[in-house]
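Two complexes, one shared chain (subunit A), two partners (subunit B, subunit C).
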Partner chain A sequence: MNKKTDAILRKLSEIAQNPKQSVLALMRRTGKKAIGCFPVYSVEELIHAAGMLPIGMWGAQTDFLHADKYLPAFACSIMKENLELAMRGAYDMLSAVTISSLCDTFKCTMANWHTVLGDKIPVVPLMFPHNRKTQNGVDYLIRELRSIQTRLTEISQKTVTDADLADSMAIYEASRQALREFVALCNDYPVTVDAKIRHLVIKASYFMDRGEYLETLNELNAELKAQPKEDADVVKVVLTGIIAEPDGLLNLLTDNRMRVVADDLAQESRQFRTPARPGLRAIEQMAYRISDQVGCPLLFEEQKSRGRMLIDLAKNNKAHGVIVVLLKFCDPEEYDYPICKAELEAAGIPHLMIEIDHNAKNFETLRTRIQSFAEILQ
Partner chain B sequence: MSETKLTAKALLNQMMTEHYQGAIAAKEKGQPVAWAASVSPQEIFEVFDIYLVYPENQGAAIGARRESQKLIEHAEGKGYSSDLCSYARVNFGYADIRHCEAENIPMPDLLICANNICTEIMKWYENLAKELKLPLIFFDCPYSLEMDQTENRVRYVADQFQDAIRQLEAFTGKPFDEEKFRKVQEISNENGRLWHSVIRLCQNKPSPLNGFDLFNYMATMVVNRGKEKGTELYKLMYDEFSAKIQSGQGPWKDREERFRVIWEGIACWPYLSDTFKTLKRYGINIVASSYFDGWGLTYEVGNLRSMAAAYDGLHLDRGIEFKVRQLVDWVRQYQCDGVIIHSNRSCKIMDFWNYEVQRQVEKITGKPVVIFDGDQTDPRAFSPAQFETRIQAFAETMEQYTTGS
Partner chain C sequence: MYLGIDIGSSSSKAVILDARGKILAGEVINLGTGSKAGAEVVERALAAAGLRRDDVRYTVVTGYGRMKYAGADKQITEITCHGKGVVSLYPKARTVIDIGGQDAKCIRLDERGRVANFVMNDKCAAGTGRFLEVMARVLDCEIHALEELAERAKTTISISSTCTVFAESEVISQLSQGASREDVAYGAHKSIARRVVAMAERIGIMDQVVMTGGVSLNRGILRALREESGKRIYVPESPQTIGALGAAILARQNGSGSF
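Entry: the complex of A and B
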């Protein structure tokens, strides 16, 4: 690895592993307000156009002192972590949070947040449509986005013109293109980019100014392309699920010579795999990006194309197998699993399903299962 | 209707038998049969003569007759997590096995879903559509965090009604009959009003009904909301229970109503008898529940936006403030001594606000609120002994509140 590549990877990894310091430094440097964006989808372009910083809120490990008073033991660990950290004051720098209503846990987390934290950090609700393929669904979302835009401008005190939004959309589209290029490049550089580094490079996008992130990622991609392709004896896997964290999980993959050649993770490729439709106004492009997304369990899809998509991802990237990283208590993922399982089996693609708790600290059981899977795939 | 006057309970049983037999007969004669989510806009489908059956209703019946576990285990064998809704797991099992002793329903030609009761049901029907290779008409009813519904969201639901009408015209090859639609809307509203008037009889002290009766009667409100035979039953119920009030009868013949409570959540169907007996032992009567209330939809006939607002306005599609206000109002209107909340392992939308609702309702009303763990249909997730212990302590607390000690 050359020095420049090493420096870029170090910079992005540090940002991704120290979100709070990164965000506070960014706020100080830019003087901008920050808006927390709950998984899985938000309105980053609108927040950016309103002169604010969209910040990803994908949880962080913590003990539960407060969240258990709002959510029971069988609730999503990321939602509990977000509530807990907010009640401990970790998100006091945020001017608001966006939470969608795409699943029941989001709805209830939104309701709890609004009740207990709403005076301090208000919720901007995102009622994305599930009937998103019809013209009525798209029109509804465009109107809904306009009302969210009004709410955000009240918080930022900056008027957003269509030109501002188009500028932000251009930056986000370019960064999504760069991310698609990066994940494709990872397959050619399995030594330089292991599973954890791949994840951290993507994760850094949530805690940086998007223009700056785009610039850094373009540099990284250029540096990677300038180097000779790397040949390594690795086990190639596709990851699918909400999130491939905590980091201990990805370390297990690396320990077993596994590399991620493609992903269908909500925190990763689901954010950037769907490009905006060209030739539309930016607000319409935002709506159609939700409409055009396929294979996401959080968005209604009668054809349920996720299984087919995973088969294609595995075949196109010459993967040895698929790991279903099932976030415990995530019902949209749990409903998809039996369908994907049957389709993967019918296609002869080996898969391993592992249940993860985002707040878990011990991985010994997972170690054995991942080790066995790696051995089978070799 | 025969000339011999039936009791409401006998009519209920007759109607439910007719409903299930009618579904099988409809299928045999080629009438389209749809599996529908419980608060789907049935009015639209009645117009097209589509026979609706409700897997949630069937799931409750299967649970109550203690047959759910084998179907649940079949679904879990396919990879469905035990964390998922047990109605869904029962239905996935039934969709494969296609037979049960409790209550059979014909396989559908069409699927109908509305997510105004939860989002899980959307995933459930998405899977059915995929597995059974059937068309699915889905009504997306946006959540309202605020007390008021927004115009944009109501319009979106009304637009989906129009989309569904076009889909059904294509599916059935028949044009939409506006006049028939209006008639079904009138019947549905009449039934909604009558249902509410029956529920309100429980405001009388003592209540003429025990809440478990309403759990049973509710089944007809699911299947007969848009039918004239429903009207017949709700009128009969109203007359019968009014007569009980006149004669001073309470919920039970052999025990007095000692405490009046709200039951929040679905019944534990496999343990209906256990929960009934335990509550009765302490003289605790269920007089209100949002579960009863949810099917009494009313709106302005002929106004699609008004109908959309009703379907998008259910308490399960609203924030905590709405929920708390509803419970607080009922505690006062129904003169309740406390609230029992079923922490239903199947149902995240009903569970994940309970702790805050409990705190707020207790604070505002000064009445105790107890939460117990259970499940609507999975018999493995409920312990009668734990329920008894919890209810015993709850009764003692209500006693202390009542006597002021």
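Entry: the complex of A and C
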């Protein structure tokens, strides 16, 4: 690895592994307000166009002292972590948070947040249409986005014009294209980019100004392309699920010579795999990106194309197998799994289902599962 | 000589093979990872085979404690090792059920005897040896006495709670309502069998079914598993050492360059 590549990877990893410090430094440097964006889909382009910083809120490991009062033991760990961290003051720098209605736990968390923290950090609700592929659904979503635009304008005290939003959309679309290029490049550089580095490079996007992130990622992609392709004896896997964290999980992949050659993770490729439709206004592009997304169990899809998509991802990237990273208590993902399992088995693609708690600190039984899967695939 | 070590959560096992694959020794100590049992069981196996440490050409360690054992050439998971051990004794085996102290595993083998798929319990201690330990405590008997109690059962008490802790409360409640210890003991065996069979069905239960691990010494579990799965269950002569046997076979293949 050359020095420049190493420096870029270090910089992005540092940012991704220290979100709070990264965000506070960014706020100090830019003088901008920050808006927290709950998973899975948010309105980053609108926040950016309003002159504020959209910050990803994908949880962080913590002990639960307060969140258990509001969410049951069987709630998803990311939601509990976000609520706990907020109640401890970790998100006091945020001017608001966007929370969507994508699952039951999101809806409960939205109400809980409003009750417990609403006076300090107001909630901007984001209600996605269930029938997102119909024209009525898209029209509704455009109106919903306009309504959110008004809320964000009140918070930022900056009027957002369609030209501002088009500029922001252009930056986000360019960064999504750069991310698609990066994940494709990872397959050619399995030594330089292991599972954890790949994840951290993508994760850094949530805690940086998107224009700066785009510039850094373009530099990284150019540096990678300038290096000779790397040949390594690795086990190639596709990851699917909400999130492939904590880092201990990714370290287990590396310990067993596994490399991620493609993913269908909500925190990763689901954010950038669907390009905006050309020739539309930016607000319409935002709505159609949700309408056009396929294979995400949080967005209703009658055809259930996820299994077929995983098969294609595995075949196109010459993966040895698929790892289903099932976030414990995530109903939408759990409902999807039997369908994907049957389709993967019918296609003869080996897969491993592992259930993870985002707050887990011990990985020994997970080690046995992942190592066994690697032993089967070798 | 080739050494296989299996350090589990509640016991440690070692098997030594000679260059032709003949078993020279197989030892078990009922202490698992976190103790000195891993080193001790190796010493016992060496002594039983009349060998010194230097006589061992290659060592494979497996089991929950495999990452902490420093004296092996290679560490391999218990899934692969149990599969290997079972196939050496039962070439037609397609399903392996291994119930250990803290987990339960079901392994499906392909027609060539290789591990094709596996599933492990991932929620809690339901369906493991720990469940039996808890039940033995509630019924105020030694764990090995549970099967004798179960054999005298007149009817089956259904234990509906999946959670071991809730199941303990449920059993105490049933005993207080007059259920017999014998019926409750058999209900505990049926409860484990139901959990394990339900888990095994996720990968398919195919003949021959071989059970390994310490819990397979319990006749009550075998009876319950047979009733729940409708399959004949084969149990090796020394079911506790099958993981170590598989590790020793892999050590021999690895040490002789055929792995």
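One rule holds for everything that comes next: the second predicted complex is superposed on the first by the 378 of 378 C-alpha atoms of A that agree within 3 Å, B and C clash if a C-alpha of one lies under 4 Å from a C-alpha of the other, contacts with A are read in each partner's own complex, and residues count from 1 in each chain.
Definition applied: a residue touches a chain if its C-beta (ideal position, glycine included) is under 8 Å from a C-beta of that chain, and two chains touch if they have at least 3 such contacts.
On a predicted model such as this, the values are computed, not experimentally measured, just so you know.
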Of subunit C and subunit B, partner touching more subunit A residues: B
First, second, both or neither for A:125, with subunit B first and subunit C second: first
Touched partner set for A:56, first subunit B, second subunit C, both or neither: neither
Which of subunit B and subunit C A:334 touches, first, second, both or neither: first
Partner chain in contact with A:365 - subunit B first, subunit C second, else both or neither: second
Touching partner for A:246 - first (subunit B), second (subunit C), both, neither: neither
Which superposed partner A:375 touches (first subunit B, second subunit C, both, neither): second
Touch list for subunit A against partner subunit B, complex: 69-72, 74-75, 101-105, 107-112, 114-116, 123, 125, 127, 129-131, 134, 136-137, 139-140, 143-144, 147, 297, 300-304, 328-329, 331-332, 334-339, 341-342, 353
Subunit A-facing residues of subunit B, complex: 78-81, 83-85, 88, 115, 118-120, 122-124, 126-127, 129-131, 136, 138-140, 142-143, 145, 150, 152-153, 155-156, 159-160, 162-163, 319-321, 343, 345, 348-349, 351-356
Footprint of subunit A on subunit C - complex, ascending: 64, 67, 76-80, 103, 114-118, 120, 122
Residue ranges of subunit A in contact with subunit C within the complex: 350, 354-355, 364-365, 367-369, 371-372, 375-376
